[in-house]
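Single-structure report; data block below.
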Amino acid sequence: MDSRRAEAFSDGVFAVAITVLVFDLLPIGHEALSYRVLAMGWPQYSAYVVSFMTIGIMWINHHTLFGNVRVIDRTLLVLNLLLLMGIVAIPFPTALVAEHLTGPTSSGGRPAAVVYGAVMLVISLCYNAIWVHLILHAGRLGYGDAGRLREAIPRVGPGRRIPRWSIGLGGYLAGTLIAAFWSAAAALAVYGLLALFYLFNHLPDPPPQPGYGTEE
Amino acid sequence: MDSRRAEAFSDGVFAVAITVLVFDLLPIGHEALSYRVLAMGWPQYSAYVVSFMTIGIMWINHHTLFGNVRVIDRTLLVLNLLLLMGIVAIPFPTALVAEHLTGPTSSGGRPAAVVYGAVMLVISLCYNAIWVHLILHAGRLGYGDAGRLREAIPRVGPGRRIPRWSIGLGGYLAGTLIAAFWSAAAALAVYGLLALFYLFNHLPDPPPQPGYGTEE
Amino acid sequence: MDSRRAEAFSDGVFAVAITVLVFDLLPIGHEALSYRVLAMGWPQYSAYVVSFMTIGIMWINHHTLFGNVRVIDRTLLVLNLLLLMGIVAIPFPTALVAEHLTGPTSSGGRPAAVVYGAVMLVISLCYNAIWVHLILHAGRLGYGDAGRLREAIPRVGPGRRIPRWSIGLGGYLAGTLIAAFWSAAAALAVYGLLALFYLFNHLPDPPPQPGYGTEE
Amino acid sequence: MDSRRAEAFSDGVFAVAITVLVFDLLPIGHEALSYRVLAMGWPQYSAYVVSFMTIGIMWINHHTLFGNVRVIDRTLLVLNLLLLMGIVAIPFPTALVAEHLTGPTSSGGRPAAVVYGAVMLVISLCYNAIWVHLILHAGRLGYGDAGRLREAIPRVGPGRRIPRWSIGLGGYLAGTLIAAFWSAAAALAVYGLLALFYLFNHLPDPPPQPGYGTEE
């Protein structure tokens, strides 16, 4: 299968998943509405913003990762499906966190943050599996040569050799453990920082492909 | 990243967000149905029509704005994500206005109209930020030269030099203040007039791109 | 604006609207489930099938209508938005009909069928307005010449000169009146027959466009 | 109609239907949240994973089936609409199975599994109808010659001549009967095995089409 149609399908799934987040806002002010009710919705607004930016950044990175792939094999298709299964699930932990961070049921805040971290961990694992598969089959999948792909693995700062993608795995694991044993708010701060990290420390853009939006 | 895939993703988000508006209609007549119940749903129908046309016109302007962009940089991607975050949120204030404009909870009408205006203000700010970024980096992003883009900033009437995009910012700010301190209905009238203004006073269309729907 | 992006956006809206219909099925068996409960859901299943096929056929006709258009002007964009506003609303009367056709609230069946017919009437009006606009500006919009477009207006049978699109207007008007003054079930039968009519008596397909799916 | 736009529309429907599955997760932990509540949601998680992979694999096979088709006739469009009508309905039996497999209403487990199997049977029938139509009109629809298409019908193992698509029909029929007369859990195991079977025993990929994602 050529990669363009898989990308278009993935784009559609990302677009719907990111829009489903608005359903977490709809219950606010459903019964009675006042400025106080609106102000009490801050966990919903925060969760909406964080999850929206997270899915958005994941979409950008998804494009960057698949931007150089020319042929998609069956393994890559299945890994991509597993990745999308995590993306589509994001509105679920988002709603959990938004609802249980404050209020009478605040005892649920830590389990909610654990679920959020666990979903992110699954997504990180899928990204890494795709990455490893691309490196192992770089030539066949259209990446040219494996060397160029390995070079493209970003590192944290010029002097450090820790590959960037291990940050996501480690960070979300740490956040999940913090949520499980210590504090939901601290875990959420970790998740927010990871989103910011991926926003600024990004994969290098693939070169524009001929015949797709370039004017020659 | 080339602009075509970002446009396709944005199109998908616009398409889903505009369709989510129907969920505001679904509760009408859920329990019992009669012509009287249907007639009492007029705030829902009005909010549906106004928000549908607003998102639709925003989609048209989004296409016009990105129609000339050939390369999208990271800043533009993030600004576009923030813009989409506002677009996707529109069904939330739409539901608030539809529910609280009349009926026993009508005291919530003004807060609802304030939220509606605030979301529109955020969207206006994002459009303006994209506009400024495009002007500052016109050459690199494929707009040819900045002069042509500056020329393309529409003005209100031939004799006035007020750039059109300041109308949106000022208008939605005025509407929000009217909702906060005076009347929800008057604020909604302002929002409706702004939608009509953007419908008729539009950006010039970009020239058709080669290889995309043109028959040569 | 070239027509390809407007078609892609319309496709997205059609795809989401047709999928939203499943939400009408979700309440079935929510509390308790048995074969009897499942059997009592037949109005939901019928409404799902009829509305799904109706939106699907409208999508096919939409493609046929826009398939020859090369340039889309502002009027066509706004007419298309109004058409999509009707398409997106279809899940609302579908839910009304499904819920009120039988059961304790069956007195709502006729108002529900009236709303269904009214939405279809609005959609028919939009299709006709698009059709008239295309004929009036055939040359400028890429249809080649008006004569070819006028020829393409199908007629009901070889001997009759009634243009096909007046069937939709008249049929849905008749169905709505039947629902208002006589019987919901009879009106629904009319709607179903109209869907069948549009399924078999269709617009001629546009010739395949170069560079779009042709191998050449 | 050329096949590319029908594929794009189908992709959109698949993308929305697969994302709607998250609505089955949203009620978990809505009232109170604890690790015990989360653990009790395992039927929801399993149903989400199975249905997600099922729709995903069906999307892959849909692409493979249509990948060689160049022209789509009216019959194929209608068969494809019927197929999509089954795909879009999948979240409904998924919710039934997730809710009634355990808990106080567990008596509904077998009817739920019957509905799941029945929807899958309808989808299988549509796939087979498309397959037969493609073979009967192979030359006109762009498949080159019927012989190549017949060759492409996979068989179960090298020595057996049972065409692969009869597996789906037979398997889902068996699962539905098992659910009706014996056990919901056994039926679900059959459905899971069928998904695994289609994941690994797949149609041969069509050759990449020129001008669509190939760099040349």
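To keep things simple, chains are lettered A, B, C and D as they appear, and every chain counts its residues starting from 1.
Here is the rule we use: a contact is a pair of C-beta atoms (placed from the backbone, for glycine too) under 8 Å apart; a residue touches a chain by one contact, two chains touch by 3 or more.
This is a predicted model, so every value here is computed, not measured.
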item	value
Same-site or different-site touching of chain C by its copy chain D, using the half cut	different
Between chain B and its twin chain C, rotation from the CA superposition, multiple of 5 degrees	90
Inter-centroid spacing, chain D versus chain A (mean Cα positions, whole Å)	26
Rounded Å distance, chain A centre to chain C centre (Cα mean)	37
Where chain C touches two or more other chains, by residue	8, 12, 15-16, 209, 211
Chain A-facing residues of chain D, complex	7-8, 11-12, 14-16, 18-19, 21-22, 25-26, 28-35, 37-38, 48-49, 52-53, 56-57, 59-60, 63-64, 67, 199, 202, 205, 208-209, 211-215
Of all residues in chain C, those that touch chain B in their complex	1-5, 8-9, 12-13, 15-17, 20, 23, 70-71, 74, 77-78, 81, 84-85, 88-89, 91-92, 95-96, 99-100, 105, 107-108, 111-112, 115, 142, 209-211
